[in-house]
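The two complexes that follow have chain A in common; it is paired with chain B in the first and with chain C in the second.
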Partner chain A sequence: MTKALIINKGVEQGIIEFLKYLLDSGKVKAVFTLKKINKNGAVAFSLISKSEDLDDSVPFYPLMPVNAGYLLSRFTMKEAATEPVVAVLKPCEIRAFVELIKREQGSLENLFIISSTCGGVYTHKMSADGLVEKNLTKYWDAVKKGEILDDLRPTCRSCEEFQPYNADITVDIVGKNDLDKQCTMLLNTEKGEGLAKDMKGKLAEKNLDAKKLDNFRAKREKEKKKLFDEIEPKIKGLDGLIDTFGKCISCHACGKVCPICYCTLCEFESPDSEYKPSNYETELNKRGALRVPPGTVYYQLGRLDHIAISCVGCGACEDACPADIPVSIIFKKIGESVQKMFDYIPGKNLEEELPLSTFKKEELSEVEE
Partner chain B sequence: MNKNDDYLPKIIAFLCNWCSYAGADLAGTSRLKYPPSILPIRVMCSSRVDPLFVIKAYLNGADGVIVAGCHPGDCHYEKGNYYTRRRFALLKKIFEDLDLEQDRLMLSWISASEGPKYAKVATEFTEKIKEKGKNPAKSKIFL
Partner chain C sequence: MSKSDEKTKAAVIPAKPDIRESIINFLKDGMDKGVFDSVIIPMKVPSGDSFAYVMIKDKSILKDGSFLPPVMPIQGGRMVSSVTRLGKTDMKTAVVMRPCETRATIELTKLGQVDLENLILISMDCPGVLPLSDFLKDPEKNIKLFDDAAKKLDDTIMRPVCRICDKSSMISGDLHIGTLGAKKDTFYIISNSQKGNDVVEKLGMKLNENIDNWQTKVKSISEEKQKNREKAHKDLKNEIGGLDNLVDAFSKCINCHNCMSVCPVCFCRLCYFDSDKVKHPSENYLQRAKNKGSIRFLPDTTLFHMGRMMHMSLSCVSCGACEDACPMDIPVAQIFSMIADETQGLFDYVSGRSLDEPIPLVVYKEEELHEMEDAND
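Let's look at the complex of A and B:
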């Protein structure tokens, strides 16, 4: 059993009150969470230090503008947070942040992390069309019942890692049928307990409802299998890859928004990877014709090789893709396959080394000749 | 007569400076015979080979790609080749999952004294690639 704080308010209101308490009591100097920009459902991550500015914050809004793990990494890369800050993150955002910390791209020092069981989020496209705001009632209703909506992002619909790792506080959301009346926060760590101490509410001993979550996971698994089966023929062999990635416009947006793709000096952005007329000549002699600019399959394969081991399946890539390429499911599928090879779940354990930064002396003899 | 008999594959070999390149050198100075299909690229350590190099070589039409380094435990930089092995295994897995021809890629350990092994690897791999035929990537336009 874990200690839990129960506030008799709906989840969204309850968490805002808790965040306000944290600011007012001086336990934290700032809150990092989603805040509304306007009434049409545009939201952005913001750092908030005045409690009245939390009024229009929406910590569990079903949209991921950017993977917040990436934002926190930029925030704490050069120096750790100097004052205590509490961040409300989705499970995949914490995982991405942990993967970045392993790459020395950020620090958890002075950070408190609040997360929740995650019901998934909508696409940017839907947000731009004002549909997220319109669908909110439907969304919360489905989350309450532990159902999966068809219009959520594919990677969310098929995500089995909806329970956060490394959160100081986990808010019980998925499958909680009284979430509009009660906000239950599990205090996973001493840090979490420290935050909740003296907050008005009821203290109890509680666990997440494992049975409900297992049911939910089973639905997600089913959806994942369906999506993976659909994508398999589309990425089969060179012809499959060309079919799928051929329409890539080389904007590299997927890489830019990918939390794991963090290199500042990217090979694919370097002038060295531009084709000169002489390169075209060589290729034309070989092939007779060549796409301009070339290298879309190369880019995707290269990115796949570089990040698959740490891909948390957050789906930011697909959300950013203007050509509607199902990148997130492809990366998730290949990612899971290589992660399984090294028995690695990205973002689960901060102490566990990145598989490519370590080795065993006796292993993998099957690839040596 | 096999139609592949006069086809000479093009195989890119990334050879580490301290072992495999010296092994290739020894094969040459020992006048061992092996097919002229290998195009060696010398790198300071096999772990200098970003898998991107291998992907690029493959997509640009190399019929085979070899990454060769010191035997495990013998790396000049102590552990570079262990990292290489993990990266290579991961790359092979990705090739396998995408149904690309992962058998066009090879990882081999060749020490500075193993001239005959270099000649053997070069000959056998060339034969294997000859049987497979040309890399289909060579004729693709939209890569």
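Let's look at the complex of A and C:
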């Protein structure tokens, strides 16, 4: 059993009160969470140091404007947080952050992490069309019942890693019938217990309801199988890839918003990927015709090669794609198969080294043979 | 329109069996006679659900050319830059694009990102393009829808900036294919440069027809669009004027910088706003949060857009690529086209109109902008 703090308020309200307590008590100097930033309902991650400003915060809003793992990396890449900060993150955001830390792009020092079992997020399209707010009730009803909504990101509908790793506090959300009345926080670590100490509420010993979560996972697995089965024949062979990525506009937005793609200058935007006019001439003589700019599928395969081992399946890439390419499901599928080869779950354990940067004498001998 | 309108003459070409095939024959003839070694034209991608530029040497592939496709997946200026940024191509290459793509190409030439030697830029009267996201909902249906609308010069389904484009027939390249005002089953080939004249001559065509009809039609469309443009910009200004409204307009921005990535004029390899200059120590962010109570993270979203505007508005061709690529449907092209009209107007400059006009900010004039000085007195 894990120690838990129970506040008799709805989940979102309960957490906001807790965050206010953390600021007011001086346990943290700032809160990093989602916040409504104007009257039009735009929601963005914010760094909040005044507790009144938390009134507009929406910690568990079903939207991921940017994968917060990337944002925390920006926050801590030059130096670790100089003062204690608490961040409310979705499980795949913590995982992305941990992967970035392994790449020396951030630090967990002085950070407290609150997360929850995650019901997934709506798409950018819904947000752009102003439909998220109108569909909040529908979202929370589905979360309570442990159901999957069709208008969530495809990677969310098929995500089995909805229970956070590396969270100091986990808020019980998925499948919790009374989440508009009660906020249950599991205190996973000493840091988490330290935060909750002296906060008004009931202390208890609790675990997440394994059976409910297993049911939920089964639904997600089913959805994943469906999505993977659909995409598999479409990306088969070079022809399949050319068909799938044919409409790519080479904007590289998928790479720009990918939390794992951290390079300041992508290989595919560097001089290495720029060709002299004579190269075009050589290719033209060989092939007769050439798509310009070239390298559409090559970019996708290169990016896949670079990040598959760490892809957390957050779906940011597909949400940013102006050409509606199912890039997140493709990357999730390939990512999981690469990760499986090394028995690696990205972002699960900070101590576990990145397989591709670790030399093992005995490894993948089946490939050799 | 080119600067020497009065004197401009055109060749009249029969559209047999239609304009598309006639242009293909024109390009093929050019390749046969060695006027072009290769051509770059838009074509449908293999899966049929979009279009891409293809550089062609094998003449048999020309038959799949699809000029004026219903979408602009990549701005032609960017495409030309990818081929010639490192120097001129040794192949004489004809490039068929829309007028705003030709203008971006001219602008990129001034910025040192395109080498025009050996390129022959060919533009066409442009009916606009569909927003990419609209098109992709049902490509097959939308190709037809677009063709019908283009024939009727109906711009209601086009990109918002296409609906207010008053330069849809502006000639800034070497040759222009004019369909407006042409007699039934014919079109004009208008030359705008010595290079253009040479091509026409080598292909045995005569620039002997006056283009009054084309000019009249272009003028009337352009004037109509200009009225709409002024109105749209005025409305937009009311909506986003002032810092608060501007911040609201960009409030849903997810900082992906995709507007910049697809912008033909934003050519920097590494944008200032992606560089180390905007990456700060955590203490800096915490201090700013303390000063204001809370800050958006990442901060400086509006600053990015204003910075980009500062850097490129004099060269903005209002093509709309930015808005097409924005995942949050922010009307970024409309905003940028409004500002671009004002900044370019200040210098009597039109981006990409002519290679002979230098970009205003790289030219020093002793006598300039006195009205600004006076305002500060």
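Convention: the second predicted complex is superposed on the first by the 361 of 369 C-alpha atoms of A that agree within 3 Å, B and C clash if a C-alpha of one lies under 4 Å from a C-alpha of the other, contacts with A are read in each partner's own complex, and residues count from 1 in each chain.
In this section, a contact is a pair of C-beta atoms (placed from the backbone, for glycine too) under 8 Å apart; a residue touches a chain by one contact, two chains touch by 3 or more.
The structure presented is a predicted model; accordingly, all values stated were derived computationally and were not measured.
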Touched partner set for A:C263, first chain B, second chain C, both or neither: neither
Chain A residues touched by each partner, larger count belonging to chain B or chain C: C
Which superposed partner A:A218 touches (first chain B, second chain C, both, neither): neither
Touched partner set for A:L350, first chain B, second chain C, both or neither: neither
First, second, both or neither for A:A204, with chain B first and chain C second: neither
Touching partner for A:G246 - first (chain B), second (chain C), both, neither: both
Which superposed partner A:P322 touches (first chain B, second chain C, both, neither): second
Chain B versus chain C as contact partner of A:S337, first or second or both or neither: first
First, second, both or neither for A:N40, with chain B first and chain C second: second
Chain B versus chain C as contact partner of A:A308, first or second or both or neither: first
Contacts on chain A seen with chain B and repeated with chain C across the two complexes: 242, 246, 287-291, 294, 296
Complex contacts: residues of chain A adjacent to chain B: 235-238, 240-242, 246, 267, 283, 286-291, 294-298, 301-302, 304-306, 308-309, 333-334, 337-338, 341-342, 355-357, 359-361, 363-364, 367-369
Touching residues on chain A, where the partner in the complex is chain C: 29-30, 32, 35, 37-40, 42, 44-50, 52-53, 65-66, 71, 74-83, 85, 124-125, 127-129, 239, 242-244, 246-247, 249-253, 256-257, 264-265, 269-271, 274-278, 280-281, 284-285, 287-294, 296, 319-324
Chain C to chain A touching residues, read off their complex: 38, 40, 45-47, 49-50, 52-58, 60-61, 73-74, 78-79, 82-91, 132-133, 136, 247-248, 251-252, 254-258, 261-262, 269-270, 274-276, 279-283, 285-286, 288-290, 293-298, 324-329
Parts of chain B lying in touch with chain A, wherever the complex brings them together: 50-52, 55-56, 59-61, 72-73, 79, 82-83, 85-94, 97-100, 106-109, 121, 136-143
